[in-house]
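In structure tokens below, several structures.
The same subunit A turns up in both complexes below, where it pairs with subunit B and then with subunit C.
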Partner chain A sequence: MTMNERKTIDLEQGWEFMQKGITKLKNILEGLPEPQFSSEDYMMLYTTIYNMYTQKPPHDYSQQLYDKYRESFEEYITSSVLPSLREKHDEFMLRELVKRWTNHKVMVRWLSRFFHYLNRYFIARRSLPPLNEVGLTCFRELVYQEVNAKVRDAVISLIDQEREAAYYSRKAANWIVDDSCPDYMLKAEECLKREKDRVSNYLHSSSEPKLLEKVQHELLSVWANRLLDKEHSGCHALLRDDKVEDLSRMFRLFSKIPRGLDPVSSTFKQHVTAEGTALVKLAEDAASTKKAEKRDVVGLQEQVFVRKVIELHDKYLAYMNDCFQNHTLFHKVLKEAFEAFCNKGVAGSSSAELLATFCDNILKKGGSEKLSDEAIEETLEKVVKLLAYISDKDLFAEFYRKKLARRLLFDKSANDDHERSILTKLKQQCGGQFTSKMEGMVTDLTLARENQTNFEEYLSNNRNANPGIDLTVTVLTTGFWPSYKSFDLNLPAEMIKCVEVFRDFYQTKTKHRKLTWMYSLGTCNLIGKFEPKTMELIVTTYQASALLLFNSSDRLSYSEIMIQLNLTDDDVVRLLHSLSCAKYKILNKEPNTKTISSTDQFEFNSKFTDKMRRIKIPLPPVDEKKKVIEDVDKDRRYAIDASIVRIMKSRKVLGHQQLVMECVEQLGRMFKPDFKVIKKRIEDLITRDYLERDKDNPNMFRYLA
Partner chain B sequence: MKKEDIVKLISAEGMEFVIDKEAAMVSQTIRNMLTSPGGFAEAEHGEVTFPEISAVILEKICQYFYWSLQYSRGKETEFHIEPELTLELMMAANYLHT
Partner chain C sequence: MMRRSASKKAGQPNSTNSINFSPSDLFRTASSRASSKEMERIDNLFHSYANRSLGMIDPEGIETLCSDMEVDHTDVRILMLAWKMKAEKQGYFTLEEWRRGMKALRADTVSKLRKALPELEKEVKRPSNFEDFYSYSFCYCLTEEKQKSIDIESICQLLDLVLGSHFRAQVDYFIEYLKIQSDYKVINMDQWMGFFRFCNEISFPDFSSYNPDLAWPLILDNFVEWMQSKQT
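Now for the complex of A and B:
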């Protein structure tokens, strides 16, 4: 070594060079991209130290170098290591700490190597702690003192978690085999509670969620399917046996694990659907044993069915509250289940009709349901809730309207308040449009009563406008009421006078309205002078007209009656049947068979009598079902047309699929439109020049203004 | 000879001395360098440059390495040093911690 040639290295210069090396080391430790140290670098660094040390004073910088060595560590620790430790917690902090410690050891080793020369002589001479000890001391003083407590906590919680998880997975494996589902759940709940308490007492609160998660995972997630499927005590069985408490516990436990509620809710859905479908089948079986002729009339079995569905609904609504904490997933599932079986008809009657008939029974006088006012209100509410599940709401509306009309016109409504109350409920559920006509009907009656009072006043003021018979007229607003067929019945003379008188009266009230007389809906009280005794007969206008014919002739044939009355065969058959083949034989028929044929002859039965003074001769109503369905279909077609036009008007151009989808969505509140029907309506609108097909793309439509 | 077992010592003039690693490790300094963690790049493995040691001295040092190994194995012979090399040899020994 040629000493003379050596240049004296200044402290700053030398240290600058060292600093570069140290920075390079730090970068490598931090994981930054840096080329590794070459042996040349190493030698240079080592040599620099050597030189700085062995220079003649005042340039022997050994003390400064020693201090600088320590300072490098301190600086690095304070600027990089501590901040990164401070910002992390628990497990992450521990990991960081381990990483930093490893790095530190590396750093100590490298720097010691560079500064090795110092180690050999300087330290021994001055009895200073050797380099690596210096390095480690730095770490201890700066880092350890600070994070000591945190580290301890973190380590304890980690240990505990590991321990718990292992412990629980063993326990769970045992229990799942031995215990029934409810017992297992009880134990699981207890364990979770215990852990929660323990955490709050001993451990850091941030470990609580992780710890609980681990326990839950071991106890529940791992075994979830096995637990729920347990044959005799699993979810299905609990539902079957109505074990409310166990189900609540199941909900509580499974709601905490991710996706835990999915299997529970799907089992629930299956169960409800199965129960509902069983009810439907029960009603179907009962109905099929009925006699053929009664089949069209919605009978007792169907009423029982509706009642049972209501009960089922109540039961599971209670479950929503008691077991499932009104969780949206379960509400959704319940809705789907009910929708599935509520839309199945029973014995040819759709569910819409069944519900409407059920309401009718509650609301009419002498209905099969004899309930207190409160009970009626409650039942009506429940029925309205069930309506939400039915897709053909408009069908229900139509049936309901028809039956409401019947109740109102024939004074069969038991209680006006109840009528109004159910309309309010329906309005809340389905919107004003649904109930506007029905409300109109109820209002009409009130107005009609007023009108009648005015009419009677008019009569008493105008002596010559006397119809000769007591006449009550109910004026209805056409739009509100269902459409009725009305034929030009040939009225008996007495009645014709009544009609004229009323017409005159009505003209005095309003000039701009047209009156159309619906004789098919009228009733008449006749005094029948029979030989045994005089009796009062309550009959429909049609029946009255027929009977009055016998005032002028004793004996009439079928065809004569038909011509005189100017009615259809159907009507004539029905009315003659009610007068001659039913309970009360006002007319004698030849031949005395049970059915009417066009060759029959009829005679007034003067010998007729009954123990009552006053009897009602019912005229069975025509089966309205077919007509109702027809009307509803017609309305639906209009609704679909209107909806399509509305959509196209705002969109201008739209594809077939999308048009259909939007249509279904718009109309969904009232009914579920059939795709084929929509397609037909679109075609129809095209021929009517509302829409056209796009020339290039037959699946696109364009609005024609 | 396998690559892992040898090192190359390069003197100030650029003369290369190839010796066993075991021999080179007699020098504390060289040993530290070769066993540092975080390793050297593969290409530079086993090459150390001494820009301040002349070839003559370096040669003598290599000889010393081998003698040292032999001595520790029991072969007690003498190691002869030419007087004119002594000073520089001592300084190199100091530098290399040998």
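Now for the complex of A and C:
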């Protein structure tokens, strides 16, 4: 093709072609997937410009091309570069700026090459700025004008941060050696406050967090461990010395640095655990000096122990508020710490038992805790909170129930409202199932009183139904009350009549229920005609039965008494001891030793007297501890069985470890099942054909419908 | 042989009843005659040991059989024989069971039976059969109806008998443990099979691969604990 035969390119056409090339260039700069310019691409673009420039008028488009060259930059800057700069700040903005400037230079270089022919003749002829300069000027006028203030600020802020960091780094290195932890923290707090003020005064607000972060890092993060571990003034020491204010400052400062609270909370946990464990040891040591025969009884030291644990709890709950802004991490470690030591027993008594006994002492008449109503309520509230840390909640429930029964049946309960109040609190904390039986017991007593009224009415309406003595019967609903071993005590004749009369009365009320008499729980008021003066003795039914034997015999041997009463050795020894070797010697014992032996002889002590007209002769209760633990273990076996069956019924097939895990979770509210016990229950259930081991995978179990 | 059976049988090989008579038919009939002869011998042998009124071989009969075979009646090979017969009741063999076992062992006389024992032993010891034999031996000892477990004393004997030659050390130590522990008075099938798995899978005596958090029977957890406390 010769020059003359060249086809004329009109402006629109030609520019459209150029635009494609410019767009390709922009894509490359923006990082879009775009292949690089080939030599051919370049030649075509260059030639298009050349042709448009060298065409004969009116198709020589030199001025237009020059303008369009400039416009290309303006368009790109306005539509892409400026928006991307505007949305960024500080350091990010600076980075973007550098990137855009670099891109711009590339764009200038390439476009200059395409439009190069203009540079050779057009520009010189018209004395216009060369293409290069045009490109750069666009950037200056559009970009620099707009961002230069922001850029300055950002750069200054960066410089400042570096300077501050270095400054504080040096300061901190000195302080950490010389200052105690509280002093160091005061200085750190001061510094941070100062920096905050300074920044808000003359730096862009977006610089503040970054700057403070740097300062915090230099002052706190770098030295955190050394600071906290300072022997005489670090975290541990502050906790030891109850420095609430310093601890609050520590919390404030360290909560701002990443994971700064971890070491603080961990030291806190260690501290609380150690304090609690020390209390346990204290109680153990005091208990070990107890006399041998009192070893199983929860004594004064254990009471003191519970009190002290409550105080410890109060103290650190206050810390939650005062020092640690109720932060969840601290609540969590507090819980873990208390769980760690609260589940250690003292002197052979589990913590469950200790808490139950503590409650008993508050709630019973003449208990060792003499407190106002308000104080009682408060203390009960606190005890219930401690229960949350005990893993054997079911054991607590059983001990509590046993003691509640004693209080209710022997009229030892000091205040009905308190009894109900603690049940409400227990219900809130542990659920309705926990307290349902106990509530039943309290209700039973109310019903029993009603029933007694009916009984007395019946007696007055039936002259021939006469028990001969004043009789009060309390009818209990079996399921609610703890199980008691019932013995077939041989009742004295007078009491036999009572039982018969009441039985007849009860038959008139209902024929569907069976009465089982628990003589071990009864009390009796006896009139004792002693020589000095007649006295009233308040004794248990067992004691009364023994004493009444002496109405027909002057002297009885141990074995005679045992045979006549039809009780076990344990019971006979206990009751004879209470009548002949304790505070009130109603019976004389031969030989006059301090313990009961099976060869002893007993006689009515006609010379007995006391300054009171009416005395209560206590019969110490049988140690319930063993039975309670046995009963709870039995209940746990059932509970575990039920839980396993429930889980397997719904899952059908389950791996061993998964089964154990779910079982532990299900039962966790009441107790922590032992892994070995769970295994044994699984094996038992396999024997009873509830489950089977999978044939192919011995670690899986299948439910057998 | 053929001639004898031919003279006893009603049907002659070249009877006019069968028109299309081929050599293979001749052979088949003869071998079925041979097997029915064998069956007769097997049955006769059974009856020679069986208790007439019961209709089966009882413990006394087995004892006689054993002495004829010159094998002690407490020998494990008798248990293997019972397994081969799939005998259900310990100390007794029914006719069906007898037939089953003897046919499988290709024995119709006492001497053939005795000669078949080494082969039987090998067969039982093959891994594909042994587990089945091991589990069978437990069931075989459940003599009472509804009985599911076996007392410790008997288990110790059974373990020694059945597993002793395979896992001498494990069996000896486990027997020692069983005798001194008091958690379990009887062993059930699950524990029995568990021990077999234990011997096969767990390295002895280091137990390094044993994990009590898995579903191993509790008695094995306790056994490992006991062993480990002895070793320290």
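To be clear about the criterion, the second predicted complex is superposed on the first by the 582 of 705 C-alpha atoms of A that agree within 3 Å, B and C clash if a C-alpha of one lies under 4 Å from a C-alpha of the other, contacts with A are read in each partner's own complex, and residues count from 1 in each chain.
Here is the rule we use: a contact is a pair of C-beta atoms (placed from the backbone, for glycine too) under 8 Å apart; a residue touches a chain by one contact, two chains touch by 3 or more.
Quick caveat, the model's predicted, so the values are computed rather than measured.
Q: In the superposed arrangement, does A:Glu40 touch subunit B (first), subunit C (second), both or neither?
A: After superposing on A, A:Glu40 lies in contact with subunit B but is clear of subunit C.
Q: Please work out whether A:Gln657 is in contact with subunit B alone, subunit C alone, both, or neither, and reply first, second, both or neither.
A: A:Gln657: touches subunit C, not subunit B.
Q: After superposition on the shared chain, which partner residues are touched by A:Arg693: those of subunit B (first), subunit C (second), both, or neither?
A: second
Q: Regarding the shared-chain residue A:Phe701, is it in contact with subunit B (first), subunit C (second), both, or neither?
A: second
Q: Regarding the shared-chain residue A:Arg120, is it in contact with subunit B (first), subunit C (second), both, or neither?
A: first
Q: Going by the contact definition given at the top, which residues of subunit A touch subunit B in one complex and subunit C in the other?
A: No residue of subunit A touches both subunit B and subunit C.
Q: Which residues, counting only subunit A, touch subunit B once they are in their complex?
A: 1-3, 28, 35-40, 42-43, 46-47, 50, 106, 109-110, 113, 116, 120
Q: Within the complex, which stretch of subunit C touches subunit A?
A: Against subunit A, the touching part of subunit C is residues 148-149, 188, 190-191, 194, 197, 213-215, 217-218, 221.
Q: In the complex formed with subunit C, which residues of subunit A make contact?
A: The touching residues are 655-657, 660, 675-676, 679-680, 682-683, 686-687, 693, 698-701.
Q: Could you please specify the touching residues of subunit B with respect to subunit A in the complex?
A: Subunit B reaches subunit A through residues 28-29, 32-33, 36-41, 44, 47-54, 57, 88, 91-92, 95, 97.
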